[in-house]
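Several structures are given next for inspection.
One chain, chain A, appears in both complexes that follow, with chain B as partner in the first and chain C in the second.
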Partner chain A sequence: MTFLVRRLIVLVSTLVTVSFVVFLIPYLTPGDPARKILRARVNDPNLDAESVARLRTQYGLDRPLLVQYADWLLHAVTGDLGISYTARSPIPPMIVGAIQVTVLLTAAALIFALAIALPLGSIAAMKRGRPTDTVITTVTQGFVAIPEYWMAPLLVLAFAVHLRVLPSAGWTGVASMVLPCLTLAMRPISYFTQVTRASMADVLDSPHIIGSRARGLSYRQTIWRHGIRNALIPVVTLFSVWLGGLLGGSVVVEVIFGIPGMGRLVYDAVLNSDIPVLQAAIMCIVTLTVAISTVTDVVYTVINPTVRSANVSS
Partner chain B sequence: MRTLKLSSALAMAAFLSLLSACGSFQTDSSQPAKGGGSGGDGGGQAVISLQFTPRANFALETDDAFVLTQVGCLETLVKYDDATGKLEPLLATSWTQSKPTEWDFRIRDNVTFQDGTKLTPDTIASALERMLKVEVPPRPFTPDVISSVTAVDASTVRVTTPTPSALVPYRLAAVNTGILAPAAYTKSGVDPLRHCTGPFTPVSVTAKQSMTLERNDKYWGGKAALTKVEARFLPEGATRATQVQTGESQVALAIPAASVPDLKANKDVVVSEAFTPRTSGLYFNVSKAPFNNPDVRKAIQSALDLNAIAASIYDGTAQPAIGPFAPDEAWAPKSVKPVSADLTRAADLLKRSGHAPGSLKVTLLAYTERPEFADLAAIIQDQLEKIGIKVTVRTSDYAAIEPALLGGDYDLSLLSRNHLTDIADPIGFLTADYTCKGTYNISHYCDPSFDAKIKTANAESDAKARYAIYAELAKRLQDEAVTAFLVHEQTVAARRSTVKGFVDDPLARYAVTKDLSVNNG
Partner chain C sequence: MSLLDGTRTSALDSAPAPVRVARSARGRRWIDIRTWPASLVIGALLFVVVVLTLILTPWIAPHDPAAQTLSARLTGSSGTHPLGTDQLGRDVLSRLMDGGRFSVSIAALTLAISAVVGTLLGLVCARRRGAFDEFIMRLTDVLLAFPEMIVAMFLVAILGASQSTLVLALVLGGWTPFARLARGVAIEIDSRDYIEAAKSLGCSKRFIMMRHVLPNALSPLMAHAALRFGHKLITVGALSFLGLGVQPPDADWGSMLADGLPYMSRSPGLVIYPGLAIFVTALSVTLMGQGINVRRNRRT
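Showing the complex of A and B:
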């Protein structure tokens, strides 16, 4: 219980600190927010001064910054994230719709990455120093070097333009998920494989594995009972880090594939100077990331009883 | 073996999560199949990839109005024909200036909205009056230029202006003045579904994704050729190009220059180019030295190799500029050629201005919202170096440089300007950018005789006479090198070869029209 309470306190204090920084971001960038809003609406730099002044007053942009922050925070904690400057509609439904898409996209990509990386990493560890290990390690390490903005067009070219088996863009069904998921999964596959290989190798070399074999367990039984279980711990940690990172970091993939997720929402909010949407989206991403981190810590203690014991004793 | 079972379980979990995801896809059942409708290019259905995504809940005072006209939904009282430079009837059949401050529009009498209500002068007056009262009225139709809109009788709408104006019909050709059924205007915003008068009825919208439209069989202008259209909102240019390449879309607008060679190499794709009303220029701050000296400006104008700029920076999708207006525009001066690069002349002009080679050091501003400006600034820097002008380039986002531009605290700046942002007439651009009290006069140019010409044009009801004035003013801007106009930008559209009747509108107002069809054969 103490562990959970401590984690919750850290979570809340982190969110309050971040909220102030997030609130300030639009004001730290050069330019008059009211002019930015209007410019985004009329798509032209020549702005009517009266309209700018009217917008400034209407959105309370002429109030002191701290007053604006307090007002924003009070509304935010009650779930009132405000009205989008461009869509002129409440923000929560926009966030909910976008986050559903991004969570689905990210989770699918990471589960796919795990499904590929766990066996690959395990095999590489079991075949250490052999050609199989070299091939797996080299190929998966190569994935890290390919950025998403390069991988996405490559996959589109292969599967949509030449083979014509998958749609090149959109969010219209399972088929439309495949290429964005593949794009997002490439780098996690690489990292998960390397981490699985390293942790599995450590486990295989540990005395209790040798002891298990000596007690008569088969090699496969030993791998499954002791190897995979222990090797999963760093992978689960890495999974949560990637999940948090991809929730806000899939902008490139979402824009290229025309996916209406959080990345696209943030991208559009920046382009349109839609400050309330930008603030709400970033806060949601941060909240989710911190929440995932907390859940990971809890899962970590479940997977590894020694960690749980350490937490209880501390 | 257990390892493999674990991976199989994970793969199954991934698969199941994908399947469960189906419910969260905002797909509508009417979506045409890949390739348009019936699995190919035919079927009387089409998919079109658009550059702009509706982002303001279809508020007509915003650019969302362009999307609604592009998909064949929204219609205005008057239509500006870019090819002829003339106004044509649309929801209004004729218009007359009954008094210097009053224009009467006779309304077409057989028009019904897609929800069955009849188009009347009252519904039009109500829609346009509403536009005058929105938070930020669209520039073509603000209370500054329009006083009121009233229904005079059963077939006439009267538009009153605060001062005499010859441009009211042009204002009513602006897409922001499109008319929707009364039921479209709700408390929560504008609902265009089944509330237009156009040849296509929007039946569903998937936010940030697409809009599905069906043929409006009761369209006043006759039935459209296509039976169903899906408009996809794809902000990424390369994605739009790929859509046409793969046949997923039959038409894609605003193709980026980098995608043009691949599309042109595809025999199933037709690429078309048209001038947009957008010109990029090197803006001088003429209010201070050294650019208050016309010889310095002309020296720079002569040092720039516009052909090289158009070919290298714009990959051939732009043409060297002859002034602020492209050669095929009705108000462009006739028989004018781009200024040729002439380093000898440039050096002579610079010498005449009293600047020795190497003595002139200036700063050039560029903004990141136009990605090509970084390369453009570098090439200008290189070309001016040849006549001994040292250029320092400063690049940031537009918001950061705007105060310097408006305040006159800069030397040179790159700028891309659309000269038809409000109405299909460049008077707004010329007034804002080059008159003494212009609201966007970043050149800080001031010539009372220029202003007098603008005043004359504003009161001139004869379009030809007005265009002649614009041509004269454009020539003056070019001859005096008030701005070194660089290139006229072009819009590139791509379509499958089976598409017929497509016209690439450089003003981005129309794409899906009554005559657009997809040929099965």
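Showing the complex of A and C:
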């Protein structure tokens, strides 16, 4: 229980810290903070000095900073973050749409990565030390060194420009998802393969595998009944870690392929200094990432007794 | 320190003799390249070639990287321009060599700061434990929750795009793994017998830290640093690619790649070569990291 409590304290303190810094963005960036904050409220980029002075009192911008923060947080929690500078429209629908796109893209890329990495890692573990293992290990480890912004243009060049079988950009259907997913999956494939190989190798050496082989189960049956299931635990943890990581890490891929996801939203907000959108997007990404990692930790602790005792005692 | 000089040393020295032999033998074996795994040899060779090329660029670059020849734009490879020219008629090879100096030095700088700060904090945590340790570890929890790109874009939004913002952003998230690793390794080493022996001989905590814990923690930390370097290099390139890192007129591999995208179907080299440069450099250091790990596992 202490573990759960501590995890929740981390969760809450992270969110409070981040939200305070995010709240401060208009004050930290160059220019008059009041003007920037009012612009997000009244949807008019060209306020004269007189109306700024009037609205400043009306929106309570002359109050102490902490009071303003509490007020802002209250609005933010109810989804009221003002109006986007560029789109001139309320922000929640923009965020919701972008999150759906990014979650779909990320999940598809990770499932694809698992589909490649699980068999590869298992084969490498079963053929440990043989040439098959060396080839799989070396090649997948090399994947880590491939930059997405290189992989993506190369794929576009091959499949869109020369072969003309897939669209080069856009978000129009399954065909347009193939190249972005392939690009995003490279690094996860590498890590998933290594982790699968390591945990599979551990499991294959463990007494219960040797025991079931001794009881007369065939190698294949042993792997299916006992090996895969136990080897999956670390992989599942890694999966959720990556899900969180990619939510913010797909910026490059979204920009290259013109995908209207969260990364693209943040990127455009930074380029256009669209402060309210930036605030909302960063809050959402951080909340999601922290929530995912907390849930993973807690679930993992509940499932795995060894970790549970270690976490409780420390 | 008094244990190591003066006459008392010789008397004490004979007791832990096997340990000393093992240490010096290990020190010698590191220099012996024949004992290195293949990945370490290949990675180190590649890396030395890349770094030497980048250091010697001002003398060996075939052209001035900024010199434009508008009449010879987007040409393919030729005798005078081995990798062709870009959209402004600049020599691609010279620009690659020049751009690499930015990419590699920024990645190395951020890694060095992250590694030193992280390792020191981790060691202090392992030694002091208690509230300080708890605070630093919770801080790493918080920082690890942020995707690196989001931190970087957030800082760019506040501070504006520049090289120093880039370094700051990468260090902010970069020291945490080192702190955790150093702390973990130090706590593990602390439980070994020779530390117990050193303590019972009356060595100070600081002496044990510098003489025993740090040297033994160095190998896993170096392996980790090597594995992180490729990642840093790619992230630096990604931010420059997005226009949030190295600013014109300077160009690194990431921004060169981005500049080449509009001309990709006509001169694919403008996109292929900068990416290849990042890939090869990142791969060489990653191989070195794996080699160090292989070697470490072989030993224990």
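Operating definition for what follows: the second predicted complex is superposed on the first by the 240 of 314 C-alpha atoms of A that agree within 3 Å, B and C clash if a C-alpha of one lies under 4 Å from a C-alpha of the other, contacts with A are read in each partner's own complex, and residues count from 1 in each chain.
Rule of thumb we're sticking to: a contact is a pair of C-beta atoms (placed from the backbone, for glycine too) under 8 Å apart; a residue touches a chain by one contact, two chains touch by 3 or more.
No experiment lies behind these values; they were computed from the predicted model shown.
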{"item": "Touching partner for A:28 - first (chain B), second (chain C), both, neither", "value": "second"}
{"item": "Touching partner for A:226 - first (chain B), second (chain C), both, neither", "value": "neither"}
{"item": "Which superposed partner A:282 touches (first chain B, second chain C, both, neither)", "value": "second"}
{"item": "Which of chain B and chain C A:161 touches, first, second, both or neither", "value": "both"}
{"item": "Contacts of A:197 with chain B and chain C, given as first, second, both or neither", "value": "neither"}
{"item": "Chain B versus chain C as contact partner of A:293, first or second or both or neither", "value": "second"}
{"item": "Chain B versus chain C as contact partner of A:56, first or second or both or neither", "value": "neither"}
{"item": "First, second, both or neither for A:118, with chain B first and chain C second", "value": "first"}
{"item": "Chain B or chain C, by number of chain A residues touched", "value": "B"}
{"item": "Overlap of chain C and chain B interfaces on chain A (superposed complexes)", "value": "29, 153, 156, 161, 255"}
{"item": "Complex interface listing, chain C residues touching chain A", "value": "39, 138, 141-142, 144-150, 153-154, 156-158, 230-231, 234, 237-238, 241-244, 254, 257-258, 261, 264-265, 268, 271-272, 274-276, 278-279, 282-283, 286, 290"}
{"item": "Residues of chain A that touch chain C when the two form their complex", "value": "9-10, 13-14, 17, 25, 28-29, 138, 141-142, 144-151, 153-154, 156-157, 161, 244-249, 251-252, 255, 263, 266-267, 269-271, 273, 278, 282, 285-286, 289-290, 293"}
{"item": "Residues of chain A touching chain B in the complex", "value": "29-32, 35-36, 38-39, 41-49, 51, 54-55, 58, 86-89, 97, 100-101, 104, 107-108, 111-112, 114-116, 118-119, 122-123, 153, 156, 160-161, 164, 167-174, 176-177, 220, 223-224, 228, 255-258, 260, 264, 268, 272"}
{"item": "Contact set on chain B toward chain A in their complex", "value": "1-4, 6-7, 10-11, 13-14, 17-19, 21-22, 24-27, 31, 34, 53, 55-57, 59, 62-63, 135-136, 138-139, 142, 188-189, 207-210, 232-236, 238-239, 242-243, 245-248, 396-400, 402-403, 418, 421, 432-433, 439-440"}
